[in-house]
Each structure stands twice: as C-alpha cells, then as structure tokens.
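Let me begin by handing over the structure; questions about it come next.
All chains are identified by letter, namely A, B, C, D, E, F, G and H, in their written order; residue positions are counted from 1 within each chain.
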Amino acid sequence: MKSQIENILIKVRKREITPEQALVRLRDFPYQDLDFAKVDHNRELRKGFPEVIYGQGKTDAQILGIARQIVRRGGNLLVTRVGPETARKLKATFKKLEHNAAARAAFLKQKAAEPGKGLIAILTAGTSDIPVAEEARITCDLMGNETDCIYDVGVAGLHRLLGEYDRLRRARVIVVAAGMEGALPSVVGGLVSVPVIAVPTSVGYGASFKGLSALLAMLNSCPGGVAVVNIDNGFGAGTLASVINHL
Amino acid sequence: MKSQIENILIKVRKREITPEQALVRLRDFPYQDLDFAKVDHNRELRKGFPEVIYGQGKTDAQILGIARQIVRRGGNLLVTRVGPETARKLKATFKKLEHNAAARAAFLKQKAAEPGKGLIAILTAGTSDIPVAEEARITCDLMGNETDCIYDVGVAGLHRLLGEYDRLRRARVIVVAAGMEGALPSVVGGLVSVPVIAVPTSVGYGASFKGLSALLAMLNSCPGGVAVVNIDNGFGAGTLASVINHL
Amino acid sequence: MKSQIENILIKVRKREITPEQALVRLRDFPYQDLDFAKVDHNRELRKGFPEVIYGQGKTDAQILGIARQIVRRGGNLLVTRVGPETARKLKATFKKLEHNAAARAAFLKQKAAEPGKGLIAILTAGTSDIPVAEEARITCDLMGNETDCIYDVGVAGLHRLLGEYDRLRRARVIVVAAGMEGALPSVVGGLVSVPVIAVPTSVGYGASFKGLSALLAMLNSCPGGVAVVNIDNGFGAGTLASVINHL
Amino acid sequence: MKSQIENILIKVRKREITPEQALVRLRDFPYQDLDFAKVDHNRELRKGFPEVIYGQGKTDAQILGIARQIVRRGGNLLVTRVGPETARKLKATFKKLEHNAAARAAFLKQKAAEPGKGLIAILTAGTSDIPVAEEARITCDLMGNETDCIYDVGVAGLHRLLGEYDRLRRARVIVVAAGMEGALPSVVGGLVSVPVIAVPTSVGYGASFKGLSALLAMLNSCPGGVAVVNIDNGFGAGTLASVINHL
Amino acid sequence: MKSQIENILIKVRKREITPEQALVRLRDFPYQDLDFAKVDHNRELRKGFPEVIYGQGKTDAQILGIARQIVRRGGNLLVTRVGPETARKLKATFKKLEHNAAARAAFLKQKAAEPGKGLIAILTAGTSDIPVAEEARITCDLMGNETDCIYDVGVAGLHRLLGEYDRLRRARVIVVAAGMEGALPSVVGGLVSVPVIAVPTSVGYGASFKGLSALLAMLNSCPGGVAVVNIDNGFGAGTLASVINHL
Amino acid sequence: MKSQIENILIKVRKREITPEQALVRLRDFPYQDLDFAKVDHNRELRKGFPEVIYGQGKTDAQILGIARQIVRRGGNLLVTRVGPETARKLKATFKKLEHNAAARAAFLKQKAAEPGKGLIAILTAGTSDIPVAEEARITCDLMGNETDCIYDVGVAGLHRLLGEYDRLRRARVIVVAAGMEGALPSVVGGLVSVPVIAVPTSVGYGASFKGLSALLAMLNSCPGGVAVVNIDNGFGAGTLASVINHL
Amino acid sequence: MKSQIENILIKVRKREITPEQALVRLRDFPYQDLDFAKVDHNRELRKGFPEVIYGQGKTDAQILGIARQIVRRGGNLLVTRVGPETARKLKATFKKLEHNAAARAAFLKQKAAEPGKGLIAILTAGTSDIPVAEEARITCDLMGNETDCIYDVGVAGLHRLLGEYDRLRRARVIVVAAGMEGALPSVVGGLVSVPVIAVPTSVGYGASFKGLSALLAMLNSCPGGVAVVNIDNGFGAGTLASVINHL
Amino acid sequence: MKSQIENILIKVRKREITPEQALVRLRDFPYQDLDFAKVDHNRELRKGFPEVIYGQGKTDAQILGIARQIVRRGGNLLVTRVGPETARKLKATFKKLEHNAAARAAFLKQKAAEPGKGLIAILTAGTSDIPVAEEARITCDLMGNETDCIYDVGVAGLHRLLGEYDRLRRARVIVVAAGMEGALPSVVGGLVSVPVIAVPTSVGYGASFKGLSALLAMLNSCPGGVAVVNIDNGFGAGTLASVINHL
C-alpha cells in the first residue's frame, strides 16, 4: 500500500498530477465496483491470492459476475460453499472449472501459485470430517502447497495416529479437522513441534451442538502451538496453513 | 394522544357528550378490530407511518385482511418477511404492489411520505448482506428518505471503505449491515460524527451462530454513536434511521 | 480527515515539503504516544468530543497519564467505570474534578460543549437502574445537552409512566434504562415518535442473567425507532443520544 | 391414591384378600399397558382430565392405539402437536373428532367436563401468536371453562390493550401469549389482581432465539402474580388456567 | 382505574372541575414522587398489597425513604434481598420490623391482610433450598395466607415425599422450591390436582449453572398445572400462591 | 497392546527380525487403511466388539466399504444413524442385515457375543423416547446382553413406575431414556442400588432446547450411581451398560 | 422396600396392627424429621451407604444436626463441599473426623464398608485437577474400594499416560478427572475395556467456561464405555465407580 | 520419540539389554514423577521449550516442587497465572526470578533459547488489553524471539493503526490482543500477508460476556490467515507465534 501512496505523492511533486487528482487516486485503490460487490483485485498484492468467493447467500448471478472479473485478470478462482446446481452454471461459463462435491468447492487454476516451503499434513479424526478437510486441501493446493491427507485417525484408536507418526513428522504445518469431542489437535499438538491448525467440524449430534463442543475443546487445548479457526472452516484452515508455509 | 383526550373532555364540558359517552370514546381509540388483528390506524398519527405488517407466522388471509384496511385508508403499505407465493396473492388484489424478492418485502406507495432532512447511507460488509440492506432501503424510501447504498465494503479490504469516504461524509444517518465478525460498524463509527445504526446479519456459519457473533460485536462497539437493532432487522434499522432523519 | 490529507498534498505540490516528509506526516496523525496508550486528540475533531477514558482494567497511573494529556489540551475530561479510590487520586491532581459515586464516573468540565438542539429525557424502570441512567446523564451534560430525568416509571405501574407523558413529549431523544424484563422501551417506543435509546441494565437476578434478559427483550422490541446499546452502557446511550441531538 | 391403598388394606384385614394379593394390587394401579405406552387412566381421578396425547415423536399407530383406549372409556380426547395427515387418519376412526389446524390440536368431546368457576381471558400480543393461544383455548374449553379471546393487543399500541380493559376485568384467570420482547404479561400483570399465565411464543427472528427472549422477559416480570410456562406451550397454559379456575 | 376516570369525568360534567384540571388529575394517579422512586400507593388498590421493596441495587437511604412512605400510610412493609446491615438500619427506624436472615427479608406487619381461602404448602427438595422457601413463606404470611412447610423431600428418597402425602393433599396451592435437577415439581404435579408453583433455586454446582438446570427442567415439566417463576424468586412464588389462594 | 510389543521385542532379541523391521511392525498395528477410513480391527481385541459405523455424514459408498471389511472378518456389524434408503443398499449386499427404522440402526449378527452377567433394564419416560431406547436395546443385544424394556413410565404418573418395581429390581444395570424435564433417572436412581445410565432425549419443544434441558437435569441428579451420556445417544448408553454388565 | 411393605401387610393380616396403623407405618418410612432436614436412614438399606451431607448452602448447625443422627446410628459420615471453619466445628464434636482441605471433604469412618470387587484407578489430566480426584478417592475409600491414583497424565504429553499403562490395565473401573479440553477420558476409553467415568473439572479459564468445555467434550467422547458426571463432581464419580465395583 | 525407541531396540538387538528391560525403558520416558505431577522433561526435546507451569489451581508447594525440577536441569522457567504472594515465595528460592505483575507471570531465564527467524509484533486494541499482551511478550522473549509492542491501536481511531503501518510490515508474525468487539485482528488481517494470531481478552462488560464476544468475532474473521487462541491466553498466543517464527 505504501509504495502506491508514495508513487502518487511523487507524481504530485513532479506536478504530473494535481493534489486534487492525487486525492481521487488515493480513494481509487484497485477494486472494481460491480454495484453488488467491490472486487478486491488488490488482495492478490496484499495477501498473495485473489479474492475468494464465499458462495453462501449470494445469487448465481452475483457469483458469476464476481468470478468473471477474477478469471478475466488471470487469477485462480475459488468459490466455497457452492452447491451442485450453481457449480453446473459456473461450468457452463468456465469450461475448465472443477467442482468437489464433498467440499462444496468450485475452482479454476489458471496459473501456478508461488510454491510453499514445506509439506502441509491434513488430518481428520473420522471419515465424516473429510468434507471439511477436502476444502482445506483444495485451498492449500490452489495456493501452491503440497499436501498429505491422513484421514480417520481419531483418538478412540490411538494406534492409528501413532501408526502415521512418520508422515506427521514430515509436515511443516499440520491441519487437524475433528468433530465431537475435538480431542485430536491436543494429542497431535503434544507430539510435534510445528504449528497445528485445529478446525472443529459440525460432525456429531446432541451435545456436540453443531461443532461448539469441538470448538471449545480446541480453544482449551493444553499443548502450545495450536491455532483454532471457525467451525467447518476448511478454507480458513487451508489459507492459514498456506500463509505460514510461505513464510 | 393528549389532544384527543383533551378534545373529548372539552366536549364533556360543553355537554356535547355525556361522561358515559366519553368513557366509550376513550376506550375507542382508533384501531379496527378484525378479530385476528387490531389494526392500529392511530399509529400513523403517533409514529408518522401506518402499521407495518410483519408477514411471518401470519396466514395469507390474515395479511390480506390487514392490508386491505391499510390500503383502503390511503396509507402506504409495507409487508415484511413475505415470500413470493404470498406476494403473488397480494398482487392479485393490489395491482401496483411491488415485491423485492431479495428483501422479502412487498410494498405499495399510495402517497409521498414527509421527506427526511438528509441522506441515509446504507452500507454492507459483503454481498451476502444485501437482502437485509435492501429491506432497510425500501423502508427508508417508503418513509420519505433519500438513500445511498454502498455495498461490499467490509474490513477485510479497508481501502474499499476508505475509497467511499466522501459518500459516507454526505450522510446524515448511516445504516451498516454486517454478518460474521460484525466489525464494520466499529470502523465506520470511528470515522464519522453522525449516528451509525448497526444491523447484524445472519450471514456466516459455525461460530457466527446465525448472527449472534455479529450482534455481540456490535453491542460492544468501542466508538460512541453506534445503535444496534435485532439480527437481520433491516426494517427496524430503516425505521430508526428514518425517525432520526426526520428530527 | 480529508482536509488534512489535502493540506499535506497541497504542501507537496508547493514544494514546501518533500513526498518523503508527506509520508511521515500522513502517518503522523494527531495522536500522542504514551507507550501504554495512544491518546487520540483527533477524536474531538472527528466526533465532537475528546477521547473518554474507560477506567476498568487500567492502572491508576495509566488513567492519570491519559487524563493529563486531555486536560492539558483544554478538553473536557470524562473517566467512566472508576471507583472512589482512583477518583480520590485523580482529584489530588485535578482539583475541580467531580466524582459521581453511583455512576462511577469522574469528570472535569473545562469548556462548554456545542449545545444540543433539544431535550434528552432519561427514564428508568426502577430505582436500582439509576446508576446507569446517571452515567448517561453526566455524559449528555458534558456533551452539551439539556436533560430531564424521569426515574422509576416501570411497566408494573403503568400510570406512573402515563402520568409523566407530557415530559416524554417534550423530549427530542429518549434514553430508557431498564433491567429485569426490559419492557419499558417497548412501551415508550409505542407512545412517541422520537428515537428511543434502550439501555439494558444488569438489575435483576436468576434468569435476568446479568442483563441478558433485558438486552434480548429490547432487541426484539416491536415498535419502530428503538436503538439498543450494551448492558449497563449508560455512557454509550448518552453519547448516542447526544450525537442524535446535535444533528 | 390414599383411599385406594386404604381400601386394599381393609380388604386384607377382612381377609377378603391375602397380603400377597394386596401387593399385586398395589402394584396394579389403573394404567393400561400397550407395550409402547402405559395409558394412565388414573390421571382423570387424580387430575380431573384423562391423559392428553402429546403427538410429536409418536407414530400414527401409537397415537391411534392410545386414543382408542381413552375414547373407549368415554373420556374426552385431546391430541396436541398433530399435523393434518395424522388428523385425517384419526378422523377415519373417530368420526366426530375435530382438528384445529392452526393450533395443531385434534379433539373429541364425549362428555361435559366439570365447569370452571369463572371466565378465562386469552390474550395475544400479535396475530402470529394466535396458534398458541388457540391451543390454550381448546384445552380450556375441553376442560370445562368459558373463555374470552382478545387477540393482537401488544404493547406497541397500548391503547388497544387499554381499550379492552373491561374484558380483562371480567376474567378470573388470564392467559397471555407473546413472542418477541414478551412484554405484554408484565403490563397486564400490573393492571389486574388475578393470576396471569404467561406463554412465551417462538414468534420473532434473530435475537428472539425461538422464544427464549420472550421466555426470559416473562420470568423476570416485575409485577406479582405472573406464572410462566414453556415456549409455545398453549396446552400447559390452558391446563394451568383450568386447574386454577376449578379451585 | 376505570371508576377513577369516571369520577373525574362526572366532575367535569358537573363543572366542578375544568377539563384542564381533569387532565392534571388524570395524570396525577396516586403515586408519590420521591425523585429516585415513584411510590405506587395505587398498587394496594390494584393488587391487594402495597408495593414491595426490592432491596438489591438500592442504597440504604433509598430503601428507608420508600419504606417510610409505605409505613406512614399503614401498609404492611416487605423488603426483599436485604442484608443484615441494612436490616439493622431499618430496625433503628421501625422498631417492630423483623428480619429473616436466611430469607434476606425484612418485614413489618401493621394490619391483618385479607385472609386467603385455603392452605399453601411450601416444599423444598433439600435443606439448602430453605432460604428461598422462607422468602415465599414470609410473603404468603404477610399477604394473609396460612402455610405448611414441608422441607427436604427431594426425589432421591421418594418415601420422604410420599410420607407427607396427607399434608400435600390438604393444600389449596403448593409451592415447590428445588435446585439441581429440579425434578420435585414434576413428581408433585403428578400427584395432586391443585396448582403447583415451581421455584428453581440456585442450589447446586457445575452444570446446575446457578439454577438454570432446575429452571429448564421445571419449564419442561410433564404433568399439567405447573407454573414456573424466576430462579430463587421465593417472593414471586409466594405472591402468585397468594393471588391464587385469594380467588 | 503390551503383549504385542513384547512379542516384537522378543523377536528382535532372537534376531528373527531387525530393529528396523520391529519399528515398522510397531507402527503397523492392526488397522486397515481404506483411504477414507482406517478400519480398527484391533478394537474388538481392546473393547470386545468390532468398530461400529456411525452412519451420519458418511456416504453410502463409505459405509459399504467399511461394512465389507467388518463382515469379511466375521464380526457383528452395527451401523447407527442410518436412514431407510442406505439400509436398503446395505441389504442388497448383506442379505441378512436387519434395519430398525425407529432406532435408525442396521445390524448383522454373525456370531454370538460373550454373554453379559445379568439383565439390562431399559426404561423410557414416554412413548416418544422409544427410538433412543431401541438403539440401546439393539446395541445391548448385539453385545451379548439380555434386556427388559419398560417403556412409558415417566414421573407424571409415578404409579406406573412403582408398578414395575419388581422388574427394576431384577436388573443388574438400568438404562433410562427421558426427554423434557429428564426427571426419571433421578427417581429411579433413588430406588435402586445398581448403576443407572441416563440418556437425555431430544423429545420436547421450546425450553427443552433439543434435549439440553434433560441433559442438564441428569447431570445434576441427586442420588448417587447415575451416569450420563450424550443426548439421543442410545448406542453409547447400550455400550456402557454392556461394558458394565460384562465385568 | 417391598419386604417392608410385605411385613406390614402380614401384620395387618395377623391382626397385629390395624389398617389405620398400617397406613401410618407406610407413611413412616425410616427417615428422621429434623424440621430442616429429613435424614434418610433408609438410604443405607437401599443404596449401601448412609446419606451423604452436601455441605454447600447449609448452616453449620444444620450440618451438625444431620451428622449427629448419622454418627449416632453408627454409619460412616461424609460431608462434601465443606470449608476449614465448618470442619473445625465438626471436629469439636466428632474427635476422629478427618478433613481433606484440597477435596473440601470431612469424613468419619466408623465401620468397614462392604469391600468392592476390584481396583478403582483415579486419573487426572493435570495437577490442578487433583482436588476433584481426591473427593472421588475419599468417597471410594469410605465405600470400601481400593484405589490407585495416577495424577498428571494429560494428553499434551502422551508418553506419561502410556508409561502408566500397566496400572491402567489392573483397574476394574477408571475415574478420569480433566479440565480444559477434557480429552483424557476419550484417549483412556480407547485403550481399555472397563468402564471409564469422566469427571469434567472447572480447571481452565476463558472459553473453558468453568468446566463447560470439558463437560461437552466428554459427552461427545467417541469410544464406547464412557460415563459422564457433573462438573467437579468427584463425589458422584466416586459413588458411581463404587456402585459398579460392587456389582 | 522415534530415535529413542530405535536406540532401545538396537540395544535389545545387541543384547545389551533384555526385552523386559526394554519394556521398562519404553514405559520410562523421561518424565519425573512427583506424585502430584509428572514433570515432562521430554517436552523440551519435542517442543523446543521445557514444561511451562500453569499456576492457577496449584498450591505454592506444588509450583515450587515442579519449578525446582525444571531449574535443576538448567531449563528456562515460566510460571503463568501466578499472583504476587506466590511470586514472592518463588523468589525466595530462585533469587533471579522476575515477576511481571500485570501479566501475572514469573520467569527465570537460565540460557538463551534458539533464536526465532523474524520479528513478532504484538498489538493491543486498548490499554486495558496490555496484561494479556505482556504475557505473550514474555513468552516470546523466553522462547528466543524479538518482539515489537504496539499498544492501543484499536479500530475506533483507525489512524493510530495506520500510523504504525511500517512497524506492522516489519513483522514475520503478528499477535493481536483485543476485547470488546474484537475487530482489530480482522482489520490487521486485511492489511498484511503474514500470520495474525488473535487473542480475545476479557476486557469489556455486559454483552462482552468476559471475552466471548471478542472470541466469536475473531473466529468469524473474514480475511484469511487469522489464527485464534483462548480468551486471555497470552501465553498460548506467544507460544504459537514462537513456533511459527522458528519454522
């Protein structure tokens, strides 16, 4: 951001633009106004990845409108929380778009992202947690990271986790998706020295309160180095893992 | 209310009516009893706008019945939380009725309301918050206010908000609809000196708890001058904005 | 804010300052860095009142340090949530400082604020709600508003409220503090056409859940034109009332 | 219960039955075992009304099975929380059964219940609360009470309530159904000297949290003499009103 | 209330007073303005008992001020939620005032209240619930009711409750105070045909959540005829019992 | 587990395997990796019953895949939370599989489990609680226990429970399923000296909050010897009962 | 209970007592009425241990009064939730009484209880959970069980738990006390085939919400055979463990 | 962990130890059993820092006992949540121990930790959040990281944050502590491309619900790359920041 301001100021000094024009430009940061959305093309500069479209609560027309702007500029497209019907409509426009039904994610890779430094391991406690893990995996992948998925290694059968210990050790960042009692991140966090990103899932019933139970458990995790994101937020976990993996 | 009581008392004094008749009249404030509803025609006098029909939980017949009484008296009709099917039935009776599907609002403007004093700006943090904002916009419009809609200026890309700073400054009242972390009203409230009406929306998932997260954030907003209304209550925000704008 | 940026840009153009200097100045907005606090002297410009010190969680030394900067610049000082002991220490430094023990507010008026346009009525449902109302009253007063306090007019004895109806009608803005079932703002909101600011108080026990019950009731208030602030937030209610009253 | 035990003991004494037989009888209180249900025919003796069938979560076969036993013994049948489809099946068996779709209640009056002592007034704050009120009305009616329904007299338009003051005064017990802020029972409780039974309804949205807001408000009601029942529990309110009205 | 209005209107007609004077009188219902409190002397007329002072959150001076007005007019004085120190101060003024330390209630009986029709039984589940039950007992007593206290008959030892069955049967209204799982009102409600008033208490720990657990259990009570009041609200339970007992 | 480690170590000592091979084996505990699931064949050794498939959130293909591995090894198959459609697909593969629609459980008994030591009684408070009780019953049955089902003996008609007292006394472990106020386990716990396993059900409405009310009541149960499991967790209750019954 | 009823009935038959006398005796089950408490001497017969005094919310006089009755009859005395001051007073009366300050438990062993069948292991996740574990240990001990305490083996350092695996395997019942994320019971439950009793503790801060987080985690525990009791309820866990261990 | 197992196995192979001895050693991982605590000396190997003592709920003797073991081995000592009195006792034993009263942390640096790769910026929204930030700072410092503290830059005065933009940009990891609406991490997360660790604080009142409001806001944070830890968990934030900074 600074350099852009600096450039504008330098132009003012050189009298290439008037102060009034500078003001206009300062206010005119690179976002594109679609009336119902202001597409933040600046985000790629700031965050290393273009704006991701959160599909829920948006009409198909709105999603398409935003997607077009992103694709037009050559960015990688990721739409989260998107059902099969909308995905079909997107595919009609973007032929190469893929849709992962479990993860409810649609994506279009137009260019290779800057590669991450290491491997991101993605664990789930159970089979039912896989959709959330897949959202994380797709996000990591699009953002240039190599991933290793280790699914169904919950604490009720600890030997399954210990049996994958070597794979855990190879990871630079670990994402752990778990519902119900959400105990897996605590156990993993006690075994490794790299950051663990805990994603509570809404898997469970009754007193799982749609993931609240797992969320609270993870926030109270004893071992250091555990980060928590929102319930079912595979995308957020993937992004955080990628940000850390690109350091 | 006082003047009505006064008038009745004066008539008693002048012996135009008996005390018994006065009692009857006092009890007979202007509402219309439809058995399932008491239409509050007095509301326009008291509040400057006729009763608004909250559509949810009412049968089509009940909505129609109340609407007829309001329209018959020449008032502006507003039905909130009304789906497309009911809207169609209403349209069959009131040809000029309009239905905004996103906002789930049906309305019929029969006369110009008393104009508000200034401009009401309506902001959303994201595209998914637009339906709530539209409910506010329609309400403001029917109540005689000029509005300026600035959508998708959430804090994740602050330059989008700052880029619209001039439009913000023109407003006499600002309505801000935001879901998820609900941070936008705090940021806006720190930038302006006019009242900010914060509407939490149920946009989000997991620990957004259907808008609770945004609601709590807004109630704890640091900068002064921020008012909060119920989750998804675009109508309430619009009404409050209009009440303030008519001062 | 804009004009400051404009001035800086004009100076760059006139070559009075270099772009590098401009950058420094842009970053150097008027706040004062005390290490533990950045006193926001700009706030008075933006919001019409200097920074108010939220006393809770601050050490006496921190409060004193910030207070000194505000007083030195001639601003009106308001410290909220401050107990008798800290108040005594503040008085030792600022001889004319007053402390309202019920409201837990310390304040020092150094200059007359810009007067508000009308009268602000401040109501409470019960006697136990008075401390919160007093915080609102002091805030309104320091910010230049005339107030009228109508205490103990809760809905359990409706005639008490109706008996003060004329005073209600004289107000341009109404603040209503209520605990327990928090019903008073709904009743008041149904009677008047001016904005009603509802402040839930933590008065009550058991299922009042320290004000949560009143808060929820107020957020669900039926009549239009009701704004809600945080539990026990007399200061917030007073500020919002003042902001509206200065329009 | 005592007299039954006493009778058995007297028979033991008179050697009409053996102690072993007595034990069997004591254990054999009058309920009928249907495997999936133990129909409590004793309830009518104890409580003045036969067992009422809570329809939710029961299969049609189960409801029919229990209903048959009640009807066979000549009792008045009441099935609550029953949808149109199940009602149709019940009607096929019990020709005279009535179904109130709004209240989701099916009932069959086979005999006049013992009449209550006075009038039960049933109020709602809004039109959307009527289904709950109707469940209460049907319950009261079947249990032998006269009722007076006063609907849509919420606090947002206080004159509507005051306009019905005379009808209020005629009641021996008052049931008040209200959603949203749930303020009506507090206001009514302040006006009358008879018991007020407050029924929170799930009418509302957002921070009404499906009736929680109204429930909490009612539990914190200031004026004495207010009883609270579960959210949407029109049946419970009606039963309590009837129990009181039969004293 | 009506007759007062009527009388005023008749005086207007007879020209004994002017309409302007009538208006003043209408506004001048019998409450006494103490600035910090509006003592509702009308309440005794409306509700059969003078205003009761809720001691919590009031200063000693405020309590004394209100108490003086009530005592002066010959009413029975009841102050709830009042600690030993304040009680001592009250006693200094009102020599005959009594203070029940367990119930935290201070009271002064100046005249016999209108007697209730029957006996009010007051039960507790455990010994720790007694303070709440005592608040109910004192309230009932002051309001003219005969009471029978049956303490420590919780469901963990059912024979204790059944052993007191005869005393239960003699009651016209039953108050049941219980903490923890709050099961006693359900069991009592299944045994009797008179109204049961359930008072959840904050007795318990952990997942009792200060009475919430008992409150929820009571609201979900299966047998008909159970009324619920706020947690620890012995006063409310006593008042409701008395109101019913005076029918 | 120990003996397996010991065996491996002994083989190392005897030079039958190298340390490197030992490490591989230690990591290679008996679970089967299906990519989306790690089937825990070790569980039968550790816990006396093969892995049970929690059907919710799994695709039909995943359930079938896991089921095949369990059946192939001759284990008893239990799939919980499985609807009719998936059950039909399972039946197409496993001809002898049974589906209990109420309990939403599919199961295939291939061999007799080790018999439990005594009788497990399974109680419900009402008819609507039966599905949860049936899940417990099926679980107990598959795990080798004899059961006795006593349904619809809730506390609202205490004589129904007391009438089954002899059956209660025959049980070595008692499972109690109850919704609404969840009082039955407390009453049963006070009558018997064997362990009582309380299963809250989501039966109820309003303030039952989908079983939360019953859950809290059970956690606060007064009499000793009461264990609580998750809401609607018939499977968990059955497993716990079986584990205790096999001691 | 049955045999007592039987005896009474036989006496009626033999005309040793009249039916009226029988009624009196039936009502006169062995509890002792102390006015503020009904001491349940029958409990030892029913449950194998005399009534335990829950100290919280009872006055010293009440505790002493109940304790005297229990001690007088030769029972083992256990008072839970009792502070040092009350303990001192109890010691003045019962010289041999012991007080465990950490567990806040006072006890007096007057006779050996019937011995349990096996060993009860008591685990804690951390050092701060020890007070709750000690309450369980004392309870188990008084009720005749041998215990083995394994403290500070939380999941953050899994090798500590695995290092005690042999001690785990020797237990017939396992009690696990854990706060914060409450993950230990899930891990233990996956390792053993005996019942695991999970006691959430209020150890933690912030989102531990005084043990709620651990409670929810334990209720959602994946492996079968896990029972949950109330937060900090060491006494309940000990009693349940003892009940199971005496089967 | 693997290499230790490997070493033991190699020794078995070389017949330096027997399999039985190997078993003992495997169970004898390096933790030290103090009866009330198992000091995890292995943690430094696994996690790069010795066990940190969580002071809350531990007696002074327990803290001292564990501290001695850590100090004896030359590790850096950190005790969190420790008040002044305990700190004084610790200082009596460890002369060079420091106590930061605001952060409630005691620490003793005995050796330089492995240095982190970059700078960790620590921000607070307000002055009252400083104690939590200081706990993070001390943790980071002890773990070998350089820190830059930027306090009181909350969103109510956005220019204060933007004024420190350059310092933000220099950081490799950013910790943000905020109470009330918890909006600061969202705004910071939108500005930078490095990981942001959000620590909700319990600063606030009313609907801040002791940090819950800020916690929820942070979990719903829009921009990617935001990690959340427990309320007031400065230690956890510091550890996570250090773990990331050492990658």
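Rule of thumb we're sticking to: a residue touches a chain if its C-beta (ideal position, glycine included) is under 8 Å from a C-beta of that chain, and two chains touch if they have at least 3 such contacts.
From a predicted model like this one, the values you see are computed outputs, not experimental measurements.
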Counting hops between chains that touch, how far apart are subunit F and subunit H? 1
How many steps does it take, at the fewest, to get from subunit B to subunit G if each step moves to a chain that touches the one before? 2
Chain of greatest Cα-centre distance to subunit C: F
Any chance you could check whether A-G or B-D wins on number of contacting C-beta pairs? A-G
For subunit D and subunit G, what's the span in angstrom between their mean Cα positions? 40
Could you tell me the distance, in whole angstrom, between the mean C-alpha positions of subunit E and subunit H? 52
Measuring from the mean C-alpha position of subunit C to the mean C-alpha position of subunit D, what distance in angstrom results? 48
Rounded to a whole Å, what is the gap between the Cα centroids of subunit A and subunit E? 57
By the touch definition above, subunit F meets two or more other chains at residues 1-2, 126, 156-157, 165-166, 190-191, 206-208, 212, 215, 219-220, 223, 230-231
Okay, what are all the chain pairs that touch? A-B, A-C, A-F, A-G, A-H, B-C, B-D, B-E, B-H, C-D, C-E, C-H, D-E, D-F, D-G, E-F, E-G, F-G, F-H, G-H
In the complex, the residues of subunit G that touch subunit F are 1-2, 46-49, 52, 117-118, 165-166, 169, 172, 190-195, 197, 215, 219-220, 223-231, 235-236, 239-240, 243-244, 247
Across the complex, what residues on subunit B touch subunit H? 125-126, 154-158, 179-183, 186-187, 189-191, 204, 206-209, 212-214, 216-223
Using the touch definition up top, name the residues of subunit F that touch subunit H in the complex. 2, 5-6, 9-10, 12-13, 15, 18-19, 22-23, 26
For subunit G, which residues count as touching subunit E in their complex? 1, 27-29, 31, 35-38, 40, 42-43, 51, 54, 56-58, 62, 66, 81, 200, 202, 210-212, 215, 230-233
Under the definition above, what is the set of subunit B residues touching subunit A in their complex? 102, 126-131, 151-153, 156-157, 159-160, 162-166, 203, 205-208
